[in-house]
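Please read the structure below before turning to the comments.
Chain IDs A, B, C and D follow the sequence of writing; residue 1 opens each chain.
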């Protein structure tokens, strides 16, 4: 039931914020904050509670399974369930949700009630996506988050917001509808095979589909996810949407919305169409690598700070796709790490871009420079997150990228090498941000102020998480482990090799090394 | 006492955290005490550990301390483990000890800087990362330190951030080393898949079992690791960042870009020596890179007028010697030279910093001069450092370390006369530019008035370093000269002994030759820059000499080459594609849609007769399809 | 009773009338003539119904024809009312002048 | 005729009687308000009578009519939409006309016509229903005779409708000539004895398609739609868009199912072509359109295309999909036109897209209602339109119509653009161009808004919880 409550608290909170926001703006802010905090704390307790038992029953990764009939004639049920991956992403959702509320505290002054309504409903949609275990329900949530996001960009965005909002909506909707076709196709194929017409994820798993059709169906799913993710030829909505959205919007877009794409691939594409996914793998990896390099090069040339950060997302998401299609535990764990750490690091960069915009009224980095003198705290934090984004060891992103690359190296050496070269590019654009914004001579006359207390709280939360993930990522890894193992089980061929290697490798250790030395 | 090991890196880290978080609220005195004190404390703990390690060596020859498991994924479980053996002990000693001296020096040197606490925070972070680098028991942790020192180097080169040139130099340093790091990361992947682990001792133990001598994979792995080392240690072809890195404050140059960080490549190769031994080709390449670098950088040093750039090129050149030593299998000689070089190069940088500060931040040697009597302490310590750099026979520590390398370049199993000869030539050039620098700075007439004299905080570390620059050489004496091998004995626990092909009786001849080249260099500089400066003027008349001069001055045109080959094309592509060519595709779709709309809406003409026509045409189409099919 | 004209001929006549009506609607610009042409088409289909009814010897065709007649009358009456109004507003019965709405 | 026959016909009789009754009420010079309220009451009675005849179903009234679940359902939809139109009409006509009372008579007649269509299973009843509906509509469209646009729309509709009726009639005559019957089941029977389809029958079917296609406004018979939608008074437009199309679609569906027209490849090919063309062209035409009524007109073309996709398989799923989509489409369209009606003023209808600017900040409730109806048209989840579209896709894909489904998806993305455009306009800016509260009659204004709100809640409720309706449709059989 906790899952239903989670969605309920967001939706209810949104409605309440909308209604009470009519006569008191502050009230809706506090309502939003309380709703999210309650959910967050509840989730944290749940996580801690589950964490102890999580790796005992490796065979069953599912923690909660809630099911209620919805449209029984179609075999549609209101079916929520979470495993480690969902739990982790849910925690992330609520965490970033709180930050989104905080960072728009003073930013949004008009139509506050409606703003928080949209914000909470987006989060509700995203939470739903992470929990839905019924394909119809999944699609339902998948689309449900679009409208509030559209409003968020279209109403509270900056100059070119309407264009960006359209573009965002149309890209995601078009791809989503293709997924709907694939979902329905799968439904009928399964129904014809077994006589049971259902959208239940667990029953659809292992549907026997002829390879040709499976490939097309998988493409239907893939297109929705890669547009969201995004990978390269489908990425152009992202820079527009990210740069025009209000700060909280960019944060949620980069931090959560993109993650739904990766989640979808992990949850649906791989388990439902293992064979087709394997066929697609080389191409997907290729596009991932193209994304890494292409996004980085584009990021380098941007002068709009938020656009720049947006393109870095394209680059980072390339790693995700590369890792997913490597089909081994290391890469998949890396992907999950990347989802979390990218959300934090890019989110932080977007928040800071928002703060800069609020102070300087521009996003053009050519009009910035030398801000360190006046804002050393922000400078230092920006430096930290720029370093995170270029994959400095000790920060979470490094773990993610390293694991992905190690995993992918086994699957495809050449592509992995090119992807690794992407790390050089990431250094180039990350340092450019720091240089252009904070270093160099200052040409400003009017003073700007450093972090306020609220902003310090936001950034501290982000900083602590990224460092924690960089130095002790084990909780995350353990949490998703059963799920990843399940996935790995689907792709046995690729993984036999490592098992063997490891087996050979373990007997040798430092002790033998010394023995050998003496010889 | 060994279990105090974790304190060594932790103290600077704690200090960094305090300064970074609360630096604004701490008075300058306390900043200095925390910043310099933490490193000094580390140095003292290192001494204690070192003594206990030497007096009571662990049975296994090493000591490791696991703090926690970093992560556990599949078969991959790197731990945060500190690993102490003779090699890392020497490095830890150099880092903490010289680090502490430089910190103390900085208290005086940076006294007037507004970002006092930021400076010490970064320096502490650097010491921490460097310690982690040398203490890491697995390659991933090493990589953490490796990148961490890169970050600190970046932060400190660009310390005076108002000047965009400094920021540019910092970025250049970071990115070029990152190129090497990337190759090294790939090397890590290879190692992981070959051995299933990144723990260094395990890797080294398995390598000879898994790979035969000269194995293809060994060469690849070694070359990838070498690429990392080349980037960090500013060797050919990734050396171009180091001269620009002199934009940072002098203590930074002393600590990071002379004594410690730039020798990380040497450490890496020494640490992974088993893999290099398995691949003669890779080792050969190491030697060749070292030799080429020492020669090229030496000639460049000869032409610089900025005192710090002279020292920078000289650093590149000296690290070239270390690479040469590593390449010919003279493992201990390389490390020995590293230690000695750390002393005298730190000394030179610090002294140069003192000179520069005394002369109102004047870097140009041609505007210095006549400081011999005005800054006596600086003069004498600088002289000692220069002597050591030029390898003045017998009395300087530099002689003992460099001579060993020269001799091994000839005499070791993989030694080669050509390598030796170029190295010898390098020694000659070293003496030449060192003397040139001495003469230009300290002799002649004074061209710039002295602003302020260095205080005790600055001179005392100089004197200590000068002491070591003179006498540290005596811990390792040549075969024919006492054959005192304290240093190499210690290291032979970890590193193999050098295999010789020539008898040790030839060593004396080579020592004489090396001494002659040193004296030759000194004499030539004496002639050109002191006795008969008009000869320089005459040389300047010649077009060929001037071209050569500019060629060397620009660091053999590497910067230009990279600019044209790599930087410009990428920037060009990035700039023309700023608006994302892929987006054109979608704009095209939009355009087509709108055109379709326009032509379709033209059919909605409002004319009833046209609508009737439409109906009729529709009917005709339907009927004809039905009849036809 | 023996029919002297074959069903086919009647249908052909109906078809011809129908096409004639279509042509009229397309060609004429005057609204009244357009309405007239539509009447011709309706009557053509009425004729076809009668013919079809006679083929099956059922009264249904003729019933249908009556309905068509009634409907045509209703239509014409409304049509004429509209035409009056159009003339009142535009002082013309040219259908090509009625193009205020388009796009 | 037995007593049962009369009982089964209650709804139709009630509608017919109501029109007479209203006429009488007009004759005794009652006020507009009384007329409106009494017609509202009568519609409600007619609507509720549908529930009483449930137990008789299915019931045949030979040879013309059939009362079964589907037809009663369609009748319910038609009467319901007339009822809503009736509610909306008061404030619309009150300020524009002195005495708009005859309007209600016509509305009853048109509703009757549409209902007859829904229950007919014979060419004669089909024709009768169609003409009752159409002739009534001529008058309704041109009702505001002072306006140029109304008259223009009226004459265009009249000429074209009569023209297409002629096609329909000629087609019927040909089929009758071929099969010897005008009753659907008899036609079907005579078709089964035929070895191959005669060209005569095919021509007849084709001509009928022209007539029906016109009424449904599918490509290529769509060109009148925008002009008529724009010219007609907003409530009437709502009626045309819903009731009249619903009735025609129902009878077409019944006809095809009864004669099993789905086995004729050629006919199916034509229908697929019509569906695809309607979806694409309908949506494209609206892309940059600035007139809201025209946008809705073009979007209705596309929606009929969607409906045809569900229609084509002719399966059990099709019936349900079509029925459900009709509900969705009816409610959504009514709501959308309801907003247009409410926002219209004395001089012009609220058709310029600019007049919706900043509506959200002026009338948040109206803007929300309009937005949800637009989103439902676009088929976004949480609205009934989404479930409807899902149903259609399911029906199409079950029959393997992949290409058609794909085109549906792509064209609905184009559609999305213009729906969003209206929504964006409503949320843009600060000041509304619309004049402030000017409603002559606050009571009816409020009633209208409440009615629309209820519709909106229904849109959302059915979007979230469609089971109620879906299980109700389980028992629809057309044969």
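Following the convention adopted for this analysis, a residue touches a chain if its C-beta (ideal position, glycine included) is under 8 Å from a C-beta of that chain, and two chains touch if they have at least 3 such contacts.
Source: prediction; values computed, not measured.
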| item | value |
| --- | --- |
| Top chain pair, ranked by how many C-beta pairs fall in contact | A-B |
| Chain whose averaged C-alpha position falls nearest the assembly-wide average | A |
| Whole-Å gap between the CA centroids of subunit B and subunit D | 79 |
| Subunit A-subunit D separation of Cα centroids, rounded to whole Å | 44 |
| Centre-to-centre distance between subunit C and subunit B (centres being mean Cα positions), rounded to whole Å | 97 |
| Approximate Å spacing (C-alpha centroids) for the pair subunit A, subunit B | 37 |
| Numbers and ranges of subunit D residues touching at least 2 other chains | 155-156, 159, 163, 167, 226-227, 289 |
| Subunit B, residues touching no fewer than two other chains | 601, 604, 606, 608, 612 |
| Which pairs of chains touch, using the document's own definition | A-B, A-D, B-C, B-D, C-D |
| Subunit A-facing residues of subunit D, complex | 361, 375, 380-382, 386, 390, 393-394, 397-398, 402, 405-406, 409-410, 412-413, 416-417, 420, 424, 427-428, 465-467, 470-471, 474 |
| Of all residues in subunit B, those that touch subunit D in their complex | 593-594, 596-598, 600-601, 603-604, 606, 608, 610-612, 614-615, 617-619, 621-623, 625-627, 629 |
| Footprint of subunit C on subunit D - complex, ascending | 123-124, 127-128, 131, 135, 138-139, 142, 145, 148-149, 151-156, 158-159, 162-163, 165-167, 169-170, 172-174, 176-177, 180-182, 226-227, 230-231, 289, 291, 294 |
| In the complex with subunit A, residue positions of subunit B that touch it | 20, 24, 60-61, 68-76, 80, 118, 140, 143-144, 146-148, 151, 154-155, 158, 161-164, 167-168, 170-171, 174-175, 178-179, 181-182, 185-186, 188-190, 192-193, 195-197, 199, 201-202, 204-206, 208-209, 570-571, 573-575, 577-578, 580, 582-583, 585-586 |
| Residues of subunit C defined as touching subunit D within the complex | 7, 11, 14, 18, 21-22, 25, 31, 34-35, 38, 41-42, 44-46, 48-49, 51-53, 55-56, 58, 60-61, 63-64, 67-68, 71-72, 74-75, 78-79, 82-83, 85-86, 89, 95, 98, 100-103 |
